[in-house]
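Heads up, the thing below is written out as structure tokens.
Think of it as A, B, C and D in the order they're written, each chain with its own count starting at 1.
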Amino acid sequence: MSDGGSGLKHRSELQVRWGDQDAYQHVNNVAYAAYLQEARAEMLDAAGVRAKASARQGTFVVARLKVEYLRQLTFRPAPIAVTTWVSAMSPARITLRCEIAEPVDDGLGPYCRGLTVLVPYDLENDYPRRVSEAEKAALTHFLVPDPQ
Amino acid sequence: MSDGGSGLKHRSELQVRWGDQDAYQHVNNVAYAAYLQEARAEMLDAAGVRAKASARQGTFVVARLKVEYLRQLTFRPAPIAVTTWVSAMSPARITLRCEIAEPVDDGLGPYCRGLTVLVPYDLENDYPRRVSEAEKAALTHFLVPDPQ
Amino acid sequence: MSDGGSGLKHRSELQVRWGDQDAYQHVNNVAYAAYLQEARAEMLDAAGVRAKASARQGTFVVARLKVEYLRQLTFRPAPIAVTTWVSAMSPARITLRCEIAEPVDDGLGPYCRGLTVLVPYDLENDYPRRVSEAEKAALTHFLVPDPQ
Amino acid sequence: MSDGGSGLKHRSELQVRWGDQDAYQHVNNVAYAAYLQEARAEMLDAAGVRAKASARQGTFVVARLKVEYLRQLTFRPAPIAVTTWVSAMSPARITLRCEIAEPVDDGLGPYCRGLTVLVPYDLENDYPRRVSEAEKAALTHFLVPDPQ
């Protein structure tokens, strides 16, 4: 594609934990943010750019998070499907979009839509860094730019 | 005030837990969402509108969450100060704004700014409800409308 | 078997979450307790005795928990295998044993061994109850009594 | 004291989070394990032996955890009081005991009693280490040996 986008989105299947429920007996809003994080870690892994746990360099930190809650999610044995993709990239920011839905489309639309802005960050020196060429190439694999 | 705002913001002091840290050895982005939730529960309590845990009516659910991460937060014995206020209210939506900062201003600005949209929701009948007159009056106590 | 044991243990495969790690960059000890809980919920489901989320009767509460940590667990894409079984049953107590290990035996032994004592409890009336005949029959399905 | 015990126990006041509740609308059993961890971190800090977050040496890992749940804990604004002390020490193991109760004694006894065995561990080299003389001296401050 001329814009460098692959058109390919990353898909994770994540388990809902009984403990993700709150006193309202549905999945707590904070757990959705955890699901986005898990799916993001899987996507970065799949792209080959996630630093290992003990790394202090080559890491990304979250600069912004947006979650739109569209349907209540209740505990169930079946996993949820989380789709994650890169919607924009600049040397200092990577914007991810995300959708949580049923693994098999039930026609009721997604449970939530999310947006996460990652900033490449060098934890060792506590300083923002730039997206490397290798990271840019790797992340292009899951780049699906927002429609203009 | 002519717009019904009190000018008063609610302030919580929340403990940072060792377990809120992630493998990057700072407070995980998801924990900030948990802090917003705790501060919100305290503000709703202070306003007298939080339903008790077992209630299935008179409750609110989260429809939207936005978090801007401005500074990294690391584990420390001192609490963080979370300021929460109502920035807009309509019969079907309550918009809260939130700021996490040092309890004593250190001149470095807040750790994060958040926005939460609550929807009044009847869990018993699984249906959105309206903000009651009593809730509206109570929440006006912490209403600080966004500047135009 | 003469003691009513089936010899059958329940097996769950659980995802390790990136967020289960702590600042020591391994899975936090508290997360193991969460894994035991998830596996237990699955076993109670499989036996047909887990009350639904909104139930206030027919529930069990945890009276005792023991976890022996044998090997460190680090974040990885592969699930862990959690084996859960009933090791003892009386009208007022159900004792579960649990083991967390690799899904395919790596010869290094389990990551942890756990024991959970459940007490049948009526949350509605806030009072301990007795294991019903139906529950007893169902749980016998996963009964593997401790060797004498 | 002839046994080297100080008779002094460490006391933390910990906030109960709304999010510590589960679908049974009481504090989840896993959250008690988190409370024990937070109180332990505070005690190790107070004794001056807790390694900083980024340390890979001089750390302790949990080898065993036991929790007895005695009373249900429900969400409330008031903190809980967690008392933690060293009940036994050897070069390779530190045994901690713990009690969760009301900050002001209500005559109903503790919510829970816990026991945690810590093993001094060098995360850098992934190998058990020995309790240092300095650690031993520091931890003696909170040593209250079990009655014989």
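By our rule, a contact is a pair of C-beta atoms (placed from the backbone, for glycine too) under 8 Å apart; a residue touches a chain by one contact, two chains touch by 3 or more.
On a predicted model such as this, the values are computed, not experimentally measured, just so you know.
Asker: Write down the chain pair with more C-beta contact pairs when C-D is set against B-C.
Answerer: Looking at contacts between chains, C-D has the larger number.
Asker: Report the chain whose mean Cα position is at the greatest distance from that of chain A.
Answerer: Result for max centroid distance from chain A is chain D.
Asker: When the C-alpha atoms of chain B and chain D are each averaged to a single point, how far apart are the two points in Å?
Answerer: Comparing mean C-alpha positions, chain D is 31 Å from chain B.
Asker: Just how far, in Å, is the C-alpha centre of chain C from the one of chain B?
Answerer: 35
Asker: Quick one: chain C and chain D, Cα centre-to-centre, how many Å?
Answerer: Between these chains, centre-to-centre, one finds 24 Å.
Asker: Give the residues of chain A that touch two or more other chains, as numbers and ranges in rising order.
Answerer: Those would be 18-19, 21, 23, 25-26, 28, 30, 34, 37, 53-54, 75.
Asker: Note which residues of chain C are touching chain A in the complex, please.
Answerer: 14-15, 17-19, 21, 25-26, 34, 37-38, 41-42, 45, 53-54, 74-75, 77
Asker: Chain D touches which residues of chain A in the complex?
Answerer: Residues 18-19, 21-23, 25, 28, 30, 75.
Asker: Can you name the residues of chain A that touch chain B in the complex?
Answerer: Residue positions touching the partner: 23-26, 28-30, 33-34, 37, 53-54, 59, 61-69, 72, 123, 126.
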